[in-house]
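As written, the chain order gives the labels A, B, C, D, E and F, with residue 1 at the start of each chain.
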Amino acid sequence: MSLKKVEAIVRPGAMKQILLALDAINYAGVTVSEVQGHGKQKGVKEHYRDKTTLSLISKMKVEVVCSGEKEAELAIEAIVNATKTGEFGDGKIFVTDLKEVIRIRTGETGTKAIN
Amino acid sequence: MTSTGKIRLGALAASCLLPALAFAEEAAAPAVPKLDTGDTAWILVSCAMVLLMTPGLALFYAGMVRKKNVLSTMMQSMFMMGLISLIWVWYGYSLAFSPGHSMGGFIGNFDFLWLNGVSSSTASPLAPTIPHLVYMAFQMMFAIITVALISGSVADRFKFSAWVAFAILWSTLVYNPVAHWVWSPNGFLLAKGALDFAGGTVVHIISGVSALTACLILGPRKGHGKENMLPHNMTYVLLGTGLLWFGWFGFNAGSALGANGIAAVAFVNTNTAAASAALLWSLIEWVRNGKPSALGFASGAVAGLVVITPAAGFVSVQSAAIMGLLVSLVCYGAIFLKEKLGYDDSLDAFGVHGVGGTLGAILTGVFASSAVNPVVTKTGWALVMVQLEAVGWSWLIAVVGTFVLLKLVDAIFGAKVAPREEELGLDLTQHSENGYEI
Amino acid sequence: MTSTGKIRLGALAASCLLPALAFAEEAAAPAVPKLDTGDTAWILVSCAMVLLMTPGLALFYAGMVRKKNVLSTMMQSMFMMGLISLIWVWYGYSLAFSPGHSMGGFIGNFDFLWLNGVSSSTASPLAPTIPHLVYMAFQMMFAIITVALISGSVADRFKFSAWVAFAILWSTLVYNPVAHWVWSPNGFLLAKGALDFAGGTVVHIISGVSALTACLILGPRKGHGKENMLPHNMTYVLLGTGLLWFGWFGFNAGSALGANGIAAVAFVNTNTAAASAALLWSLIEWVRNGKPSALGFASGAVAGLVVITPAAGFVSVQSAAIMGLLVSLVCYGAIFLKEKLGYDDSLDAFGVHGVGGTLGAILTGVFASSAVNPVVTKTGWALVMVQLEAVGWSWLIAVVGTFVLLKLVDAIFGAKVAPREEELGLDLTQHSENGYEI
Amino acid sequence: MTSTGKIRLGALAASCLLPALAFAEEAAAPAVPKLDTGDTAWILVSCAMVLLMTPGLALFYAGMVRKKNVLSTMMQSMFMMGLISLIWVWYGYSLAFSPGHSMGGFIGNFDFLWLNGVSSSTASPLAPTIPHLVYMAFQMMFAIITVALISGSVADRFKFSAWVAFAILWSTLVYNPVAHWVWSPNGFLLAKGALDFAGGTVVHIISGVSALTACLILGPRKGHGKENMLPHNMTYVLLGTGLLWFGWFGFNAGSALGANGIAAVAFVNTNTAAASAALLWSLIEWVRNGKPSALGFASGAVAGLVVITPAAGFVSVQSAAIMGLLVSLVCYGAIFLKEKLGYDDSLDAFGVHGVGGTLGAILTGVFASSAVNPVVTKTGWALVMVQLEAVGWSWLIAVVGTFVLLKLVDAIFGAKVAPREEELGLDLTQHSENGYEI
Amino acid sequence: MSLKKVEAIVRPGAMKQILLALDAINYAGVTVSEVQGHGKQKGVKEHYRDKTTLSLISKMKVEVVCSGEKEAELAIEAIVNATKTGEFGDGKIFVTDLKEVIRIRTGETGTKAIN
Amino acid sequence: MSLKKVEAIVRPGAMKQILLALDAINYAGVTVSEVQGHGKQKGVKEHYRDKTTLSLISKMKVEVVCSGEKEAELAIEAIVNATKTGEFGDGKIFVTDLKEVIRIRTGETGTKAIN
């Protein structure tokens, strides 16, 4: 079994396109959360009274758990296509192995818990 | 052309001439009305209530934008409480309301510069029972919010420096002249006989139409049509609606310029139109989408408040209810059309204020009744034609003025932020702040 | 039975009969009181302030629910600003306040339909120094918020269509009759002599008791007792409390129907009862839980405002302070009991308004003093018995009316949303919106 | 020393003595001014507006703190609506405003205990056209917010029990005496001739200076200088600013104690100073940081409102504009200096209210004009010296009083929470609540 | 060493029961965050003006790091029992291997950093 | 390739020091999110009316993806040094293996996607 978790950190504005793209490949589910961060951009200047700090930039984390390598690649492709602009801030995708998945409702595990 | 001011004056004249409407017996001698503490109290409060509409509007707009633009949206409105306030006491009130002319009647002169001659102990002829200074303050609050209203169509992309420059120019060269022609005692439009009780033309048409012009010039938001741009906090929209509704009583019933029967009429009509418009908008959504939304309720309420503004002291309560119904139909349609036409009036400043204000001006012609307010002398087609003429002039001034001034500002400052700034949000890029810190 | 209206009238009568209380000398000839701009100004403002209480209440309630129900909770209150406003000018005011009867005095008739005969230039006998239209508007704001208050007990589970239907029916068939019997000049309860300065009975008892009835019929929220259902935003609760406290000055001091000494008394008592109740509630929590909570402070303040409502213009400031203390004790106890009894009055609409209103009505009997307000003629046991009778009738009407109407609505619309809808939240399932977008 | 009270009285005297300023002819016989419904209406509304400033301030402060302290910050302000309200009607008003002395003039006596003798049907000599009870209520709102203002400097670390104890002591033993010396008819400072229209000294200097003293005693927040402590919700700061601006009209224009020309002057000056201060603060930031922040706009607006408070009814509109400019310069500088000096006035209660109030008191001396208000008799250096003396006394009393009382409270309760409590946040550790639940 | 991270996406309303259930098995700690997502339910219709989108559904992510397989199974069981209703939306559980755990306070690592 | 994800759960107040410390080691990027949780502290008492519950404590989750073991160790050290006080609540750090990283903007993968 090669369950994969695909975790993308993307622009909030790209969410709609990403969900549409994932829909087109018939994905099983998605979990989305609000994060802040920076990669190469190092943040944006922020003032508070006379102090200057660097503000992190708002991003969305999109997690898609896939039942195998192929599915993961499809998901990655879909996300990249939906969000790539070629400019800084397009985001990153992290892929990890999952040991196990359980669907609480049915108790199913592994691939069956996803599809 | 419109002669709103006449009507404001008229409302007062009425209260002097008609014993039935006059509370104080001494007003029966119309020659020298005295300052009245009750009238003054009501207008002082109305001033404060109309001032509060600007933070209310800021909240109403702020709830509708995305998180990253929440402060810039509030600042586009609330900054006017500083900017226009100062301009108004400096030269704005003078240019709008001075008895003297300049540039052949296009605008007033500097007689009232720094409120020179605007007395705290005697009245203006425009409001015979309250100190002139109170009348000036009441007018100031209108000048503030009118500019703030425009910001709704251009939210999320107007560079702040450019916005400030545009606001100064627009208030000076569009708002002040229109107010002068329409409301100053010698404004050349005063004679036309058009009715505008509380600023449907001066406030809502010109701000709404300028909003449309401005958003066409600026172009759409980055990602418009491709991204979801949902209101980030609908509770703000609802609370903002509540504050606007509250403040609008000062706006409309305060425009009676006294605590009199016409104020009562305007108060009740304001509430009724807001109510029926909010209900119908909800109903339309219920039928079309299966559910009535909070945004629809709020939009309807504001549309109702807009449409009744020119008519508040002139029409019966049934007419107010009908005007509320009609404005929801028409504004809902306008916003629907916007989607088809594809221009990006982000928060529907034109769709509600421009369209609703225009409809209100016309319907005032249809529904104004001398039984309600004796200053209504013309009615029927005759009045509607005058109203249409007023509408036409307002549209013309708003479109041309906004076009010229915004192009100028754009040439100097660049009116629109860079795409990367738009992406990061205007809070960070225009104000170096985040609305919310985690 | 209660005769609140008489007292309102009485408050005015007092200001006519007692030179000490009358500001204007001409009022000494009570036959033809003139409209007074100062009184009118104060009641116009009071109208606006009471209107603002509904968004304030919406915020107060919205902060207490879970995120997923924040809009539906606000809509259950604020939609009444549309719905009841329109009903009120259409037929509600007429059914409640028309001089004529129908159905053997159960309810008024349609004489004032569409405000026919409700003049802007002459007064109602119920408020001799302000335009009749202003009195109508003031009463309207009470009709709006009374329905909104009920929503607190049934938050998070009432289907919106059913809520609207119930609101129409309840306002028409419970609120209007009670207001008619109690406040209309020929209401058959007017003669009983019960005291209700600003609506303790008509507003708080009947809304609170109806809230209890409704939540018993609907049953508890899904997960009640098993899930934590903590207030999602306590800052809203506090801001809502601030707006309610502010608006309540219009509610209570406005019920003097003029800017007079009784208004001053009501103003100070309102503030004092809110203060002492908020303090004691905090103190009880301090003792029991080791800390005073913001929710406790807010609940106490509102309970204090409720308890003083029927008594505001009748009691001394010490009595107001004591009433505030007592209401916190009793309402705290009621909410404690609720936990034991297990019914799900989600936001304590009954626990605060029903219990506090009932206590207020009774304590008005205990504390009303003719030294404070000469319209108080009966005192002691005699008055307490009348107050108890009024309380009994209000409870009866509220329980029976709500039971019948809600069962009817349930049969037609299904009053409660489906469990899955409750789980997803009413914002999405009733309004197709989210309160907050990330 | 200051004699604010005299000026308040003076403002009224003026309206009696100067026909030009008097609205009602009968006031020309100054001996027995009658209660006036218009004046009463305006002050009733002003009371409510000033009350609303406390929730406004709570929101203003709450937005600036970190999430974990949002409720405790609001409670430190709003709890005063309970605590000081009750104290005020019980003995506070008496200690401050009773005609009799005790302790050799240090403080009043208990003549007005429980408002004994504070009539609802006759006026106080301090406000001859409104019921004495209304004047008492107006003063109460000032007493409430003055304590609340202090909390800004000590936010995020004051133990709630200690805060309540300190508030009781401070209000009783600092606020009441100062108010007595300055405002009571026989206050021994009344004769000095210092000008303070609406409480620049009594409210802003003593709260701001006490705030500085308190934050020096308490020491900085845990992590001060090492952690980012950014405002967690700037929309609250802006909405709070809007509510404060709104309420300040009641504060300043209400201090004319009638709906008269001086109220109009105060109203316009209040708005103008807020406007010019907000603009200049924004401009300074624009120059220094490249962007104007929403926090800067809000801070400037509040600073402008503070500086004009003692001067509102005495200066011309140009002077008000200049005062607004100066206060932004000076307060901006003070906050800049704070960073250098390293003390932790968390929300700049001293930086804005202490510094701005002091500047306002001095500039009142510079700009007060008898052309604006005939009660201004002294001007120029003579007046400035008196103002400086008043400032000196206020600083002295605030520093010494706060030092002694806070040390006492610290000894008994421990004024500061434990480091771990500070880390967890005061909402959880002082109130067992979270502001926001996910 | 077989450190495990158990990550459950559950209904917000189930949180109280889950924490109680975990408490009963004496768990070491938990991290909770707000997420949105969908599995089989595909979201709920949402309107904005005349546009319709699909709204994600609010969920909570519950992360429990366990010192071994057995502990992880216990945690999973506890969560499943606490939140299972048999209806759509009960949620999913994802299990991953952890390489290392460090308790910052003490510098302890591995199993010791957890228990 | 040994891509690592370092995930620290820390006090919100420590964020500024952590970002400064990471900056000093020239890290590639960071993702931050708001979480709540508890370890040994078991939460703080919270009241609602007459009910008592345990409130979770607000924390920040800091995720740093590193291109190798050494980089991960540096990041861990930096975080520990920045946030350690020796008191309860200092937090925990979890380390996991990543299978893959993709920089959306360029399509780069693996170590190149990070540095």
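To be clear about the criterion, a contact is a pair of C-beta atoms (placed from the backbone, for glycine too) under 8 Å apart; a residue touches a chain by one contact, two chains touch by 3 or more.
Keep in mind the model is a prediction, meaning the values are calculated, not measured.
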Neighbouring chains shared between subunit B and subunit F, ordered by label: A, C, D, E
Minimum number of chain-to-chain touching steps separating subunit D from subunit F: 1
Pair joined by the larger number of C-beta contacts - A-D, A-F: A-F
Interface sides of subunit A and subunit E: same vs different residues, half threshold: different
Chain pair repeating D-F, as identified from A-B, A-D or B-E when over half of the contact pairs by residue number coincide: A-B
Subunit C and subunit D, separation of their C-alpha mean positions in angstrom: 33
Mean-CA-position distance for subunit E and subunit D (Å): 50
Between subunit E and subunit C, distance of the C-alpha-averaged centres to the nearest whole Å: 45
In subunit D, residues with contacts to at least two other chains: 36-39, 41-42, 45, 66-67, 228, 230-231, 289, 291, 293, 295, 432-434, 438
Multi-partner residues of subunit E (each touching 2 or more other chains): 12, 16, 32-34, 36, 46-48, 53, 87, 89, 96-97
Subunit C contact footprint on subunit D (complex, rising order): 34-42, 44-45, 47-48, 51-52, 54-56, 58-59, 62, 70-71, 74-75, 78-79, 81-83, 85-86, 89-90, 114-115, 119-122, 131, 133-134, 136-137, 140, 160, 236, 430-438
Subunit F - residues contacting subunit A, complex: 5, 16, 19, 28-34, 63, 65, 96-105, 107, 113
Subunit C residues touching subunit E - in the complex, by the definition given at the top: 66-68, 222-223, 226-228, 420, 423-425, 428-429, 432-434, 438
Subunit F partner contacts - residues on subunit A that touch it in the complex: 4, 8-10, 33-40, 53-54, 56, 59, 61, 76, 79-80, 83-97
In the complex, subunit E residues that touch subunit B: 46-53
